[in-house]
Amino acid sequence: MNNSRHMSYWSGIRKRLQRNKTAMAGAIILLVFTLGSLLAPVIAPHPVEQMNFDQRLAAPSSTHLLGTDDFGRDIFSRLLHGGRISLLMGLITVVLSTTIGVTLGIIAGYYRRLDLFIMQGMDILMSLPALLLAIAVIAVLGPGLANAMIAVVIAVIPSYVRVVRSAVLSIREKEYIEAVRALGIRDWQILLKHILPNIMSPIIVLSTIQFGVSILAAAALSFLGLGAQPPMPEWGAMVFVGKSFLSQAWWMSIFPGMAIMLVVLGFNLLGDGLRDALDPKTR
Amino acid sequence: MKDSLLEVDDLRVQFRTENGVLPALQGISFQIKKGETVALVGESGCGKSVTSLAIMGLLASSSAQMKGNIRFRNKELGQLGPKEMREIRGKEIAMIFQEPMTSLNPVHAIGRQLEEVYRLHTDLPKKERQNKAIEMLKKVGVPRAEEIMREYPHQLSGGMKQRVMIAMAMACNPHLLIADEPTTALDVTIQAQILELMNDLKEKADTSLLLITHDLGVVAEMANRVLVMYYGEIVEEADVASLFSQPLHPYTAGLLRCIPDLDEAEKRRLDPIEGSVPLLGEVTQGCAFRFRCPLAEERCHLAKPPLSGKGTQAVRCWLYAKEEMAV
Amino acid sequence: MRRYVVKRLISLLGTLLGVSVLIFLMVHLIPGDPATQILGQFATPEAISQMRTALGLDQPLWQQYVGFLGRLLTGDLGTSLFTGESVWEQIVTRFPITLQLAIFSVLIAAIFGILLGTIAAVKQNTLVDRFVVLLSLVGISAPGFWIALFLIWIFAYKLALFPISGYEGVHSLLLPAITLGMAEAGMIARMTRASMLEVIKQDYMRTAEAKGASLVSLIFSHGLPNAIIPVVTMIGLQFGSLMAGAVVVETVFSLQGIGSLAIEAISKRDMPTVQGMVFFMALIFALTNLIVDLIYSRIDPRIHFD
Amino acid sequence: MKKSWWKTGPLSVLLATAVIAGCSSQTANQTTQPKTDEAGKTSNTLVVSSLIDPDTLDLHKTTWLGNENGLLYEPLLSRDTSGKIIPGLAEKYEISPDGKTWTFTIRKNIRFHTGNPVTAAAVKESFDRMLEISPVKGIVGPIEKVEATDEQTLKVHFSKPFSPFINVVISGMVSPVDTKAAKELGDGFGDKPSGTGPIQFEKRERGASLLFKKNPEYNWGPEYVANKGPLHIDNVLFRFLKDDDTRMMEFKKGTIHVLHDVPANSVAELQSLPGVDIQKTMDIGIKYIAFNNKHPLFSDVRLRKAVALSVDRDPLVQVALNGFGKPIYGPLAPTIFGYSEAIENKAKQMYTRNVAESKQLLADAGWTDTNNDGIVDKDGKPLSVEILVSQQPAFTRAAQILQSQLREAGIDLKITVQEMTTIKDRISKKSYDMALMYYGWYDADILFLIFEKSNAESRMHYTRPELDDLLNKGREASSEEERIRIYEQAQEILLNDSPWVPLWVNEVVTATRGIKGFGLNSYTQYFILNDVTLDK
């Protein structure tokens, strides 16, 4: 019975999502980009790292849909492959920061004694501007895609902890949790079975939004030369390289930048839609 | 007819929603005479508040459709432009709402909110406006009026807030005051004070009062005439004495049975009407009360009863329609 | 109120202490020896070891930290290894630009964000509303460095309306401020809209309307002051993080603000400057947040700190 | 300006884009910064875009010497535009037969910017201060003592003959500094420097700009300029614009007169602009791949040679530099004393790209492609090496081309872009495989500074006693012919051992607009401002 109630809960959300134009628009954008990057090796018209010195800085044409870069590499193919980097990076970052952030948030919210320490730590992290914190982390670890991800994770964890903690705090005091606790059920079971499912909505919404935020942050780091290393077709790095060719080959920077914007927009749209669908208050 | 202040004629309101067009008012007509207190009673969801908002012109034009006529002091309110309507609102027709707790703007001081009425409707200089506001506060029995002017709503009790609301409503001596459940949210002891205050002010200013309530005790105390509403229609209209002594509509009768015995200290429902008001759009034909009516007959299911008059009383029920038709 | 401020200041001190540890450790973990860096690679080993002693780098880490903290407490943020300027001097010359940039972009963002958000809320579910919602999402989603590039290209270079780089007076800050303001304006518009939608439903709005208030007065005098309360908090937080350095934008527009100073110092391994700068940023950030909370209590009379 | 190779570009940073760039950091009063909107026409100020904001203007404290601080000081000797040594502040010079004593005759009637007279005693003081405090004093050679024997005569005594000293003098490293002012000002001298150059200090906005005014007393201009007196222009403003796009756009917009070191990919664009004058000079240094010669892989000369043989320099120059450079196979650039065409030809023969030979060398060392993934492997491990690259666009471009070239020989190259600081740190700690590096200096003595055993410690970790002997001899030999012969032998060793892979010599392109009479001395790499006039 419990199960069926759950089912209808989720299917209700699905229906609401499907009716939500915003969410669908976001989902479609993301679907296109995901497919594009998954199928990159198949659909990319040119090998991604193939240099072609005769075709340098070629304008968009039928052979090179979005033009070529300073090595004569096909921008469209690079964008498709770059999507893999950005999406994967976003995914890993979100999974990591969600896991760590949610764990810390639940602990802080549930075990009041640890709360002070965790929140003090978060306050310290949050008292530094996120991007500067990320740059400092990279200064220590050295540049590179993996380190950029770690930096982004560290920078976004506090926002998870805050959201999760306050959600846990509000649920913790509910009668049914009291009741369950009175039954002598162990803490971790309460956390896993009773508290976690009840705070899923804010976590899902936050993760969707953070997906976009992480991609944006990682792109910014790559733009500063701290993330992806050449010749990786990372979008932020492509904008950075294209920057030097703005007057000769605008397509080198405009298209990768647009790709970043669209993907992030996709996540934001989806996140908005999810928020509407998951939050009964907005109904 | 001459001394009638407000004439509502076949007022219909529909709401456009995701689930289709819902009829909230299905053609109601009534009048309010100068100085008269008319009570609008019924359970929640029967269209009382919509009626008051329609008169105020406060229904959101994006979702509500309005038909019919509202004539106020021989002006057709529906034909007035927004600017003219604003001049009437707050000056000639004022309104008091149910929730004093949330009806005052939390970020503005009391004085500013009260004074705003004068700013909107008079040309008085600021100093004068403030004096007027203080005077008004004193009139409604707010102690320390000068200090209260500087205070914020959250610093006042519910009863105080409602006094402020009344002060705001009566500030320009309106011709008509609409009070939408003005005492429901208040303590019983305060209720009586507030009602007395309203009656007092109304008498002094010769203001007509449209009192919306579900509390028949209040009606008995205050009203000259009563309109009973059910599912967007007026099902019975009568002067207060007739209504209490001889309720015609089974719904009215049901409501009256719900009045707690005033002698008893304990407030309890004696004989509540079973069921609840149907949701808007649920009833497409027949009498909307038939589901709860102990006297429902077959014809009640088939067609809507017409309005039948019986002396000063009018009622919308097949029971009386037969007699009417026989006459 | 005073007690609240004192309490906040005390907890701020705790945070700053933590920040000082964090910064100190991070800076010391950054690879690269400042002594070699100062002297150049042609320096003799003795010179390097002398320099290390002079810089206190031969002391155990905790001693170095205690020294750092002690100097901080006396208001000494340190001295650049390279230019010999004190970190404070560097901040004094650089901070005004960042401050102006922050003020400028917050102004732009607040004006546009609040206006658009309010319009969207008032026109809820119309085309205008959908357009504003989409526009603000685009503003949030577009990478700043990318927008900056095209603003420079079009307005500074093609149309030559603004300087391409550097600071030549307040008008130099317009493009960077717009770049920064885009995302903020988006966030402000969204929050204003949501908040305004909530406020429009409130009883006191109906009261005001019943008083005969006009639409403009309803929105701006009755609605906005309420709707803006959460927005002000957000603006304040944004302002705080902007003051702490709009790193990317300062970089793209070659502005000599404290964000670019910090990055420059990191790359040069100018450890005292990095430490001092980052600490300063954290301080500014925390103080702005405190001030925001106090402002919050001013605009929302319901809130009182004691 | 690559006057001091040990500091060439180390301030280049995390972000090749624009970190130190920008204009003013002052906020309120912008009065002192001349209006540059119309290319300084109104205020008669020459505006120069510059990459590097020098650490200090005190010649004896700086580790970087360029036009930005070097033009404050006038060298004792110089070279004319054909490379001939000409008098500077010294009317003439003489080297004792044993090569240990250099005698300079200082010109009369020369004054520092403060008005203090320049005498032999003052120049001696300057030498002493340099030897005492300069962080780079090692470069001036084994000076024993400096003495002023009369008003005009200065004697510099060496413990060993040190032939490269002539180029040290010409570089401006030991140009006279006003030590009297320095003593008065103490640490403040860097903010109020005094030398004898054609320009004197006016105002500095750190990280943004440096403003100089002309030295009104100046009348000791070099032989090859028409105007030996004070400059025609009133002020020279260096604006520090690090970001290539920024400085390009500023130049195109007309806010800059002199764009030094034009980004290679933009030269063609500038050439097509009306009124733009382009000058090119060959750099006095090379870019090269530095091996970690102590690395388990690269301690094997076969692997070093395999890498060297898989490099094709033409696409590097054509693509990474847009053709503004010249492939180089041997250790020295043609502009450096000691360069030998014979060596260069031999190097070219040895190291012209030959993938087959490269593969053979790898196979000899046990590296073959057993799993057909295109990458050679040994004991199941693929040959994968990392190259450290600083974030200069030309470097990162070159690295990507190298990556594809090495791949064809079966070597997997991973690119890591890092700040020069970190790269140098990793190099000195031997925690690297390969790095893309560069040097710049006037004399073949650069080989000593890079490869001599004490220096090799912090660089490529390659040591050869025979090479050390030769490099020491090269410093002491007094005749040019002898030195050239010694350096030829030294270069032969380097060719055979291949501890590095020389790649290319930059062509330094300078674009000017709206001015006349601007020159660039390709032997000293200094601007020649004496005849510059602004167009009306």
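Before moving on, here are some points about what is shown:
So that you can tell them apart, the chains are marked A, B, C and D in the order they are listed, and the count of residues begins at 1 in each.
By definition in this document, a residue touches a chain if its C-beta (ideal position, glycine included) is under 8 Å from a C-beta of that chain, and two chains touch if they have at least 3 such contacts.
Please read these numbers as outputs of a predicted model, since none were measured by experiment.
Here the chain at the heart of the structure, going by C-alpha means, is C. Taking each chain's centre as the mean of its CA atoms, B is the chain most distant from chain A. Sorting all chain pairs by how many C-beta pairs they have in contact places C-D at the top.
Distance from the chain A centre to the chain D centre is 45 Å, each centre being the mean of its Cα atoms. Inter-chain spacing, taken between the CA centroids of chain C and chain D, is 39 Å. For this pair, chain A with chain C, the centres built from the Cα atoms lie 23 Å apart. Here the spacing of chain A and chain B, counted between their Cα centres, is 54 Å. Residues of chain A in contact with two or more other chains: 142, 224, 240, 243, 246-247. Residue numbers of chain C whose C-beta contacts span two or more other chains: 31, 251, 263, 266. The set of chain D residues touching two or more other chains comprises 14-15, 17, 245, 249, 252, 422. This structure has the following touching chain pairs: A-C, A-D, B-C, C-D. Contacts from chain C toward chain A in the complex involve residues 14-16, 18-19, 22-23, 26, 29-31, 133, 137-138, 140-146, 149-150, 153, 241, 244-245, 247-248, 251, 259, 262-263, 266, 274, 278, 281-282, 285-286. Remark: chain A residues 49, 51, 53, 56, 70-71, 142-144, 224-226, 229-231, 240-241, 243-248 touch chain D in the complex. Across the interface of their complex, chain C is touched by residues 4, 6-7, 10-11, 13-15, 17-28, 30, 33, 36, 55-56, 63, 135-136, 138-139, 187, 190, 205-208, 239, 241-243, 245-246, 249-250, 252-253, 255, 419, 421-422, 424-426, 428, 449, 458 of chain D. Contact residues of chain A toward chain C in the complex are 22, 120-121, 123-125, 127-132, 135-137, 139-140, 142, 212, 216, 219-220, 223-224, 236, 239-240, 243, 246-247, 250, 253-254, 257, 260-262, 264-265, 268-269, 272. Chain D makes touch with chain A in their complex at residues 14-17, 244-245, 248-249, 252, 263, 265-266, 269, 315, 318-319, 391, 393, 396-397, 399-401, 403-404, 414-418, 422.
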